[in-house]
Structures are given as structure tokens and as C-alpha cells.
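I have placed the structure first, in the form of C-alpha cells, so that the comments after it can refer back to it.
Order of writing sets the labels: A, B, C and D. Residues in every chain begin at 1.
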């Protein structure tokens, strides 16, 4: 999950069985779990390879191939290079309705290479690492899809299972392009999961955000001889950031705005003709992001006037907030509860505690327990994902599974470390099972699908989905 | 002189007699000096009354009346209330060409009331005072005009003498309105003087300037409950001043920009809907002031965009730089040299030194000596005057005469003190004599008038004079 | 209520009777209500007089006298001029335990004079007005105190009733000085009410805040001639406010910071030697206010270094957040429910709707209904009061009563208008009755007093109360 | 010349022969010129090689070797790697007094690779280029030294000639380290020249400057989840630059301050823990640079307080203003006049005009004429050099010679182009001759040496020279 956080949620609410799910055994769920157990070595091996490749956004060719080849080998029809992204693919099995989708990510993060050990030590200094656990995410989701494929193949379920290999979650948001191209439109329901530090059928939204660049172009001059002939682009950037900081008083407390000054002059001796600010705006609501973004564009225009320079605002990407689906979450919660807690070995717990100590955290170890379903907060904590965009086009059910110690920093070495050993593997397999079981429910239970969609329609309301991304294929990020 | 400074000038140049002026006695000059000696008690008495009235800009009704009544009593035809200013007047005597003008100011400055003593003590706390010596200026110039009137009346000179009672030099610039209305247009030459801390036929320009208000209008809101509903006008002012400070790197070293934040919110608890910045821009050249002003208006527009508020820029007034006339200055210099140094009594010198000591200055006393004519600096030191505007419409000859100790701060109590006692009186009489003698030259010597005008035309070049002031009569300033 | 807002609260929770209160009639409560009915003309007359006096903070001599004289006339012992404030007083009746206090405010707000009519029109332009309804507050609370006094006098209740006449709520916070001096220390429980746009036994806290001045002292210089000799105090203020705006990103969303630039230079022509920023910091927690204030003091110090000037931070006043007492609120709620809704006449509803229309609000009229007790929000909406300080020294029970139309702006003309006619009077009398009835409960029911105190002790915890105010008597504000 | 500019100088003054130099032929001067003519192919070939090497500061190993080897081959004793700089060397010939030094530079500038053609086209994109003509500078000075060496070797002159190979003029200032180590101390006089767009015995100073880094270190935090845990180093940088821009009003017009923001955050999503500003301060006087630097260090401290971060100011280098030596310049001027104008071919003129057209300049071609000696300006135009530091330790005589078209931008491709072909070669040879002839004067004329030193002592006054550089060897710059 791009821009991740570890949520701390406080209020529990009881739920009641609603869709005729019973606690008695379901042979298809048993079959799904058996399938995952059967393939578990393959799945963790795929995860470990992707962990080793550690390929960043839109450069995930080996990782994508690993997953797509496996899907093909399992009998899926695979379309590669969808939505103009060479590493995006769709793998499908079966036919007719219902059509259930499941998402898998596989991109790494730059600069956080780490060995699978509880102390900080890069495998290769400056190289990327899987600091958000996407190696687990992709392999786990594919494991669930394979389990359903086998049930369809054996005639036990009817319909279509589709796995989405979605690249570049950490940068441009591959799913946004796939959403724009309608690739999710015929799904009844879509599922996903994400590595986390606790297990939860997700009932929380994420933050909508827009990621953009503000550039200023002035006129160079000798800073000592005739600075009056120059127009400083850095002046533009400074007026801009000052304006953004003035704006902070006049946005709702749920808004977040943050930026980095990526270019601010080369040498003192020249009035700088170029400056660049990279900025994100986030809020619980895309509509608020839009409002604030309009204000920030005015600030950029005003700053350019102040500095007497030209300016340009370029959207890089942007996520919608995720539409929560509590109906789906309740169905998922049943299966999570049926699976029960993840048990950790003494070695795993020690591994986790060492990480916590290295990060000056309380050494609480790992949380493999099952919690009750949580209330949905009005404003989610910080964090955005392109799953949000999917969730405005099709009902989305999301799962969180423990793969890292409590409070360990995401997008950091600790998450890389755990994702390359048994702690991560256990999370991967738990996720695959819980998602496969929930897909069994969705295939078998038409009323559940209807209820899930009804909530989706209600939450979506009249909003017209319109992605932030530019036309054409996504730009490949610099790192 | 509005926005005054004490110039420090370094380079002397020798000059040679150029217009057939001889050192032998001139009976009309003798007559002029005699007239001033004859009227000296009246003149210093008028000055002292105006010093006591201490009336600020456009409120100088008693001061103006004092001068106009005296002119009328001396036989001048007086037009009062010219250019829609009740305190502006023109007093004329004689007929036909040449027409020689002389300027008199009489407005005081707010808040610097002071007794005629060498230690700081207001006559009335918070009341105005003559901190720029305009009581002396008005009376001295009128004294010179009366001397010329008597020579015309007795048939010794032919032509017209005209005294301009010009109000509000310290704020809106009364002369600018009178210039706009063409009141100086038919003059052959105009003269003026100004109190100073040394004696000089002025060869220096002054700074062009524009005086304007930038106002921002936003939207109030409760600063704790819903600040996101507000648009802060103070944010606009802060973005504006930040922009001005960024601009400082990109203007020539001769430019000066300065401002005061006159309204910046009433109470913290309300997002302020109004803010006001009062600003001046100056440079050696009106054309540069124009360029910088255009940039500053862009900054105001940009700041308003940044804060999401409305803005308004209102010009209050503005001066042209003074067109130097060295030909005229050389003629004047002759008469200054003929008069010779001002002699001070031991008491006067002690008075001056006490002031200097009270202001932590070197106690050098008074400079009544005559210096050689100075080179004209490319960039004048800081200071602006509406005489500048007159000088673009008619050749202007300016005199500085000592009325205050060396380095004493202008627009301060020390200048008020000296202007109300014999030090100021001596300057007044010296100025009246030097100016009257130079007017005798101008009446008598057609070639001098031609040479003066030729230099004027050359320096003016193709520039079209256009005042900064708004249409209609001047607004009366707040204090 | 200083810095007021109209809260919109959404979640209702059911409560159960807890202290043996029964719904059957209680003769002392009946007696209290009768007393208020008996005195109602006196009470509304006192309110109307104070409304007409409209005296601002620490200038409320007639208003204070009005209330104190009435209390004295009713048999209370009155101490005037307590805590060095001439308009502060304490009126007491009875003896021994329990001691129940009730608070009355009476200060007006500058500049919002208004007639008792539904369209904006000042009684006297620029004069103060009762835009927060404190005329009603003082008279209503005193009415409740008188009702209890009569029950004590007649032997029906035992103990002491004490009325606190608390000045200057809108500025320095009179109660903070009275709290500092221990005047509330021997109370068992204290009560208060506040005019509002709905009726509620208050279950919400208020914001803690600190109100302070930041001054910068630099060195004046001629802004055109030698600005390099100056040190601009306004530079200090600009660096300071920039710093505050940078800080906004790094404070919790519950923090509010707001300021006004009260002095920012006199004239452009002088490098300004003085600047002044007036600022408030607020948060749900006094401890967070302290943390942020420490940061802001560093910013002031840093800004002074940046500008090369001196600085000074002076605390003016500051409130603690109010400690909620839900036990007390539940007792109060019973009595509010027993009284039932306030009924309005057609004229009153029309009056309210006209106001709403004049303020571009939905014309919903007045809300006289009784709502269930609300959940306590983690962060209160914006608003601070010196009742907060009382609430950290003694258990405080607070009531809100409708005296103005829904959504009408507080501290505005609409609230003044309603406070001077029957809408305000109805609120006053309702408040007096509800508070008197609740005091009857407190006098009669020792367990209730114990439960109220137990909650107070628990919420207070280990916090040591320390007021923000300076030593000595409060400074009298400027307006 | 680091931070170079093309001076436009206006006032000419006549000078008279002062030291017994006669216009009649001097056989040693003839010998010197003959020597340079004899070696001219070697000299231009050395220059062309260094032009091709284009090595940047402290990386000039091949360029330094080229010069040092040639000196050694000519019979000089060479000390390499002086002052801990591998590319710094001193080449000496002869013995005893007088000791005359001459300086040669040879470092290139990053990023301005260019072919020897009149249109912009790099030899290698992004590679360095000789945009300040130091290839000519080093070879030309060495040619002059060789000519003197031959006169000493043949017994026609007595004393010591010393060539200083001075690296890194464009960055850390190699001469400053050599000055610190006393390498110039025993010289009677030192000479240097610099490529320019006109020929002049230099009578202008350069700007004193200090080059330093301001770093801020804060605390990272997730910018969306808990930005209140972060302390932004970029906030520090923004408060700092704001402070610098506020300071601009309060420094003399001769001061220049300029900066680049070299690090301003990596990604928006993290509160940045590191920021870096690279800044230069310049003025006509080192003492003013010191004053302003002290203010800027306060600003850095204040900005750190504002942002709640740590800061560090690190001086990188700094130049003194050059002490003009008019006595030396007058001697040099004689020889320049004796040599007469540089004649250009039609091809060379066309080459120059094409460059001017490509840069939107008036196509005036090349200025090879000889101008009268100029007045020394009070404030030099923008530009600094480490020759300034030498000039405070020993009398320095400086020459400018045309090697580029009028107004072509220095530190740009046009200067690189001309330095690699005949226009540059002509300048090199002219410089070598003029300097060698002037050294003949200095060797032969003891009175000239005394007069030159007397002026040096007078201008230096009581100032104690203290370099800005840190202890130890210079840091090697990044590029």
C-alpha cells in the first residue's frame, strides 16, 4: 500500500450473521484451503523470488513474469501488457457469471534493500526492497485465485475467476490506468489484501490524494553582476510553499498537504531559472482534495506572478478514497474467524522483538490474533492506495493480514526483513485462505453478491468517477 | 522636503562664469537685499506664526492665510483655493514676460511637536511640528517675491513675479495637482529653496517615488470553529510582503521599497477579512519606479490569488525625480558666494551642539560656509519632493540653506527646535536674498533664461510628463 | 461564552436513572419553579437593563451593581470587588454544607450595538452589545440562586447557596482570577448555563487556550536614505507569522492557532522599530496548548534573531478546557426533560426566521425542543470559556438554553436582538428553573454529590491546575 | 576568474609617465617578446591540450602536469603538490632579489563542454569546458615566466622568477590555501592576467565573498499519518531564505547575497529530515561581508529555532576583494600601449559576430583596441577571485586581455569556443608579452618596485589578513 500506515482502531461492534452463512463445514471452502496447502511451497517460493528481484514501479518485469507464468501454468488464460503497461496482466479462468476478481501487487520500493534478518543491513546498498510486502501480496492473491480455479475446473463452482496483476502501486498507480480502461467493469465483486501488523477484515477507507509537480521557469542572470535582469524560479517556489503553509489554516483538519523541493537552483552565483516542487494533497474525500487542489493551483499561479516567472502544474497520479463495503467485510470476517489466529514460533517472536528493539519500540512481538470487526472511522488515518479507484467502479472487499511486528515502520527495512522469511509466508497463506473462502461465499451466495453491490451503490451515490491520471500510458518514474 | 535626507557630497568641480555675470555691484540685487532687510521682522514673524500653527497637510488654513494675506497686503493679486485645494494659492504681481515663479511650502508633520529649545520636549504631546522647516520655506520665498515685486513696481525690472503657495508637500503633494492643472506652464523659470544643514545651490536630483495602498478583502470566519470557511486578508498581506522582499534581489541597487502593515486583523479569534499595506517605491528614475511598480502590482495580484482574496491597489501620490539644472545652479551659486557665509553667535553654536549631543552625534555645530558647486551624482541619496514634478514642466532652480545642525535627523524634534528660533531665521533671510538676487539675474539676462531652458529641454528629452495622482481633488490624509 | 460556537452534535445515547431520582413530583422543585415564576418580571427587567447598559469587560459597573443590589435586596450577603476586580462579587445565603455555587456573567462585546429587532440596526453605531447573551446569563443564574435561597430560608433545604458575579468573560477571564484566589474551593458543586440555539445539559468540553502578545523592538532608520542602519520590527513579525504557518503542519488537527498583526509600522518612510502580534493557541487539552506554546515562543525567539531585533512574549490570559461531568449532566437532563420544550409564539418564530433570512440561513426558526443527552466528543468544536478553569477546581454542571435562532452567528447582532426581547426572556427563565431544580437535587441527594465529585476526581487525575494569568489584578482591556 | 563579469567602465583619466620609463626601445623587453614569439607554438599547444582536458577544480592532474612538465623542461625547479593540493605547484628559476611571481590558472567549469565553433554544440554533453579561459591563462603566464627565465639565464636580469600553478580558482580557491601557507610572502610583486572581452591594465577591485553551506537536520515522520511527530528541515530552510530576503532591505546596495536550495526533501510523503542551502555573500569590502555573514548566521540560528531543528553553517571558501595597485597598473599600461592593438582577421571577426548573434547581442565583434587607464570605481561590478587574497599579501598587478566577443556571457559556451581557437591564442600571446615586459620593468627598476609596494602598504592599512578557509587541505568539490 502506497503511503501506508498502521491503523490503531478502538471501537469494536458486534455483528450478526446476515447472509445464511452457517458455521457448519463447507466442502468448497475446505477444498480451497486444501488447494492452498497443496501449493504452499510454490507460493512462498514465488514470493521469495519477487522479494529477491525487488523491482520498482513499472520495472517489475521478472516479478510480473513470475506470477503470469505460474497462472498460465495453472491453466489461466493470461493477457500481458494490458493498459499499455508491460508488467500489467490479467489472468482468467472459467466463464459466465458471476465474475469475481482478485488483485495482486508486486512492486518494490527504492533504496530500502535489506536482508531477511532482524537487524538493519542491506543486501545491496541503495537497492530497492519490498518494504510494503507486495511480494507476499501478489503471491497470496494468486494462490487464492488458483484455489478457486480448481473448484471451477472440477465443476464445484460456476462462473469466472480473474486475477489482476497490477503494477506500480507505489508510484503512478497501475490500477488507475486499468480502471480507466474498464478492466474491472464486468466484475461482480473484487477482493484484495494487504500485509499489515494485524489481521482484520478491513472496514476503513483510505485517503484520496493527488500527486503533482509544480514547476517554475524564470530567467537566469549573474547573481552578483546583474541580478535585476533575472527572474528567480526559486522565488516562485518559495512564494508557493509560503502560500501552501498559509493555506493550512484554511483547510479542514482531515486534509494533509506535503511537498518536497526537488530543484531549487544549481549554484548560488546564478539567479536560478528552474525550480520544482513535488506535492501531494490528501483528504478523506476526493471532493475535498479537488477543492484544495484548485486552491493550490491558484497559489502556484499567484506565486508565478509574484516571482515574475512561468509555472506549470502537472498531475502525476491520484487515488480515490476507498469505498468501504461493510457487507463484504462481515462475510470476510466470518472466514477470518473460522481460520483462527496465526501461531508463531518462539524464533519468529524473537525475530519480531529484535526488530522492535532496533526501532526503539516496545517489544510486543507479533499480533496473530483475530479481533472483532471495527467501526468505520469518519476520517481514515493517513494512507492512500489505488485500490481506492477500483472501489468506485466495483464493490471491493479488503483484508489485512499480519506480516510484520506491531508498530514497525512501513516502507522500512523491518517490513522487508519479515517479508523474506516465515513470518511473511504465514501471512501470505492466511490471506490466500481467507480470500479464497470468501470467494467461495461470493460464488455460492447470490444474495451476498446483491447485498454487497447494494451497499456499493449506496455509498457511491451520484459521484461520477474520473481518474486524476493523464491520457495515454503512465510515465515511468525516475527511480 | 518630504522624505528628506542630509546629503553627503564629495566631489567638487570648478566652474567658470558663463553668462556675462560680473562681480561688480548690481543695483537691483542691492535693492532686493535691502527689501528683505527692510521686511525681515515681518518675515520671521510670519515664519514663527506658521511654526506655532504647525498645521498638517491640507489642513494648513491659518498658515496659508498668513502668507496669502501678507502677499495681498504687499500688492499681489491672490487667487486662493486653486486646484481644488483650499490652502493652495497663487500670488502675482506685474505683467508680461518674463514670468518668474517661486515656490513656498508651509505644512507641518504629525506627532513631532517640540519647543524651541535644544532638548527634546514637545509643546503639546502628539501634536504636529515643523520638522522639515516649511515655516521658513514659505516665508523666505515670499520675502524674495516681495523684493522682486518692489523692483517691478518701481520700474527697475519688467515682467511678472509669481509666488506659489503649495500645500501638502509632506503627503499628497500639492504641487503635483497644481502641475497637473497647468499652473506652472507659462513660467520662464521657477525657483525654490529648502532648509538643510548646509548651504548649496542644488545640483542633485531627488528620488522619484510612488506612494500607494494595497488592500486585501477576504472572508471572515470563526478562527477556532470553522477557519476553513475563512479567507484571510492578512494571508494576502503576508504573501504580498514576502513577494516584495523576494523582489529586492531583482531590482537595481538604486531602488528603495518600503512599507507598513496598517491593518492586519482586529482580534485573533476571527479570520481577518481586511488587511492594508501602505507602500512606497523610489528610484533615481521615474521610469524605473514605473517598472518596479508594475512588478509590485503583479505581486499584489499574486498574493491575492494565493490567499484566495480580493485586492485593490490605490495610488495616493508620487513624485518625479527632480530635473537638475546646472546652468541655473551656477547662476545661483554666484549669488550665494556673493552673500558669503552665515555667521552664528556663540549661543547658536551651543544650541546646535547640544542638539547633536542629545542625538549622539559629533558636536560639530552649524555649517554656514559656502562650498563649491558639486558634481551631480548618478543616483541621489534618499529623498523625494513634489518639486520634482514642477521640474519636468518648467526649469527649476533649487537652493539649500542651513537651518539645522549637521547630521541632525530631519522630520525630528531637532529641526523643529531650530526652525522656531534665530538659526532658522538666519537661513530664511539668506535664502530670500540668494533667490531674489538670482531672480534679478533671470529678469535682466535673457541669455541666462535661454540657457537654463535649453538645459531643461535637453534633460527632459522625449519624456511625456504624467503625474501619478488620481483625477479630481486630492484626498485629505487621515492625520 | 468567549470565542463561542454553535455545536452540531450527532450521536445520541440513552441513559438510565441512576441516583434514585423519581419522576414523581418533588415539592422543593415545585417551590423553586414557583419562586422563579413569582420573580420573573424582576428577572427579565434586570436582564433588559444590563442589555441596555451593554458594558464591556471590567467596565461592567452598572451591570454588576444591578445584580449585586438585587441579591442584597433578596437577603444575600454580598462581597463586592473580590479578586481585585471592582465588578466581581460573591453573594451568599445560608450556612454549612453542602455549598452549591452558581455562576452569572454580565459583560458585553464591543462594536455590536443592535436594537431588539430582526434586521440589523445599531442602537448606537460602534457601541457595545450583548452578542453573547450574558445579560440573560447573569439574571437567569441569579433567579435560580434566589429560588434556592427561599427554600433554605424556609427551612426546606439545608446548606449554603452562593452566586458568583463573574466579570470579563469575554476578555481577561474574571473567573480565572477568582479561581486563582480560591473563591470556588469550598464548593461541593458549581453550576452555570449559557445562551445557545438549542437546549442541552452540556456534555461537551471546551477548548483550552492561551492568549498572548508577541512584541518586536528594532531600530528605526530612514527607509530610503540608510535602511541598512535599521532593524525592522516588522521583519520580526513577518518571520514570526511565517514560522507559525510552517508549524501548522506539525501540530495535531485539534490545535487552532490564530493571530492578528496589531502594529506593523507607522509610515513606509521609516524602518519600523515596533511591531505587535496578538495570538491565541487552542486545543482540546491544556497540555497540548502548553507544548505548542513552547514551540511558538521558540518561533518568536527565532524570528527576533532573524530580524536582529528584541522580542517579548506576554501572556494575557488563558482558559483550561472544561472538565465534562456526565453524572451532573444526567441529573440536569432529568430536570430539563421534566420542564419540557419551550413554546414560541408565531411572532417569535417570525422574528427568528427574519433574522435567519437576513443572514442567508435556512429559515428554520427556533429550536425549543428537548434532545437526548449527547455523547462526549473527543475534540470539542471551537470555543473557550473561563468556566473551564472553574471546572478543574470544583465539579461543574453546565446547561445550554435556546435564546437565538439556529445557526445565527454568535458575537453578532442577531444574538443581541433576541437577548433584548421575549425569546431571550424565555431562555432565561427556563435556565433558571432547570438549574434551580438541579440544585434541589444536589442539596437533597448526598449520593449525587458524591458521584459528581467522583467523576470530577477521575477526570482531573493528577493534573495540577495552574492558571495562565499573570500575578496581580487583571489589566483592563483597551476597548 | 570565478564568478566573472564583463565590466563596463566609463571614465578615462590621463596618466603621465612616472618612473623613468622611456618610450625608447628596451633590449630586455625586446628579448622577452622574442622569446614568446619563439615559443608561441608550444604555448598555444599547451593551451589547446588543457582546453581539451577540461578538468574541473582539484581534478586538473593532466593540465597541471602539462604546465609543470613544460616549466621543468625549460629549466625551472618545480615543487609539485604544494599546500596539500596535488595539482598545485611552484616553478622557480634564478636566485636572490628581486623575486617576481606570476600566477597561472588551469581549471575548467562543469557542464559547459563546447566545440571551437561559433554555434552552441558540446563536444560531449554534460562534460566540463573552459568557460573562463583558464587554459589560456595558465599557458600565457608560463610563457611570460619562461621569457624572464631566459633573460636571467643569459645574465640580462638578476633575481628570481617564480611561476605559481594555482588550481581550483572556480571552487575552493587554491590560491587561498597557498596564501595561507605563506607561498607568496617573499615576493616583491606578483602579476596575473585574465581573459576578458577588452584589453586593460586592471584598475578595478573585485568583490570580497564568502561561500558557505547551511544545513538543517530535523526529524522525519509520515507526512499524512503523524506529521506532528516530525520536525521539517525544509521548514528551517524556508524560514532561513525568508530571513535572508528580509535582510536585503537592511544591507548596503553594494552587498550581494544569493543561494541555491540544494536539498529540500526527497518525497512529499515524509516530513523531510534534511535540507541544505548553498549561499554566497559578497561586497566591495571583506569587512562588510563579515558583518552581513554574522547576520546571516543569526538568521540560520533563528530559522532552526523556528522549525525546531538543528542547523550547521560550514564555510567552504571565501575571497578578499582585490587590492588595486594603480602604480603597477600604470607601468603595465605603458607596455600594453607599446604593444598596440590586437589585429583580428575577417574570419575571427565573423566568428565573434556569429556568437553574438547566437546570444542575441549586438554583433560588434571583438575589441582589440587599447583604452586609456580607467578610474577605480568605489564599488566594483560583480565578480570575485582568489587573486584577491594574494593581493592582501603581496602587491598584485593584473591585466585583462580580449579573448572573447563583447558582452558574450562568461562561464558559457561562447568563451569556451573562442578559447580553443585563434582568438584565444592571440590573447594568450598578447598577455604573455605585456606581462613579461612589465616584469622586465620590475626587475630593472627598483624605484618602481618601491612605489608599487608603497601603494600596497597604504591600501592595506592595518587590516590583518585572515582567510575564510578551514584548516587542513581543501575539500574536493562534488563535480
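The rule is simple: contacts are C-beta pairs under 8 Å (C-beta built on N, C-alpha and C of every residue); 3 or more make two chains touch, one makes a residue touch a chain.
Being a predicted model, the structure only gives us computed values, none of them experimental.
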Item checked: Each chain counted as touching chain A and chain B at once -> C, D
Notebook entry, point to check: In terms of C-beta pairs in contact, which of A-C and C-D ranks higher?
Noted result: C-D
Item checked: Remotest chain, chain A as reference, centres from CA atoms -> B
Checklist line | Centre-to-centre distance between chain C and chain A (centres being mean Cα positions), rounded to whole Å | finding: 47
Note to self: Rounded to a whole Å, what is the gap between the Cα centroids of chain B and chain C?
What the structure shows: 55
Item checked: Between chain D and chain C, distance of the C-alpha-averaged centres to the nearest whole Å -> 71
Notebook entry, point to check: Counting only residues that touch at least 2 other chains, which ones in chain A make the list?
Noted result: 223, 227, 238, 242, 245-246, 249, 258, 271
Next item on the list: Flag every residue of chain B that touches chain C in the complex, lowest number first.
Entry: 3, 5, 207, 211, 222-227, 234, 237-238, 241-242, 245, 256, 258-262, 264-269, 271-272, 278-280, 282, 381-384
Notebook entry, point to check: Which residues, counting only chain C, touch chain A once they are in their complex?
Noted result: 242, 245-246, 248-249, 253-254, 257-258
Next item on the list: Would you tell me which residues of chain B are touching chain A in their complex?
Entry: 223, 227-228, 230-232, 235, 238-239, 242-243, 246-247, 249-252, 271, 295, 298-299, 301-308
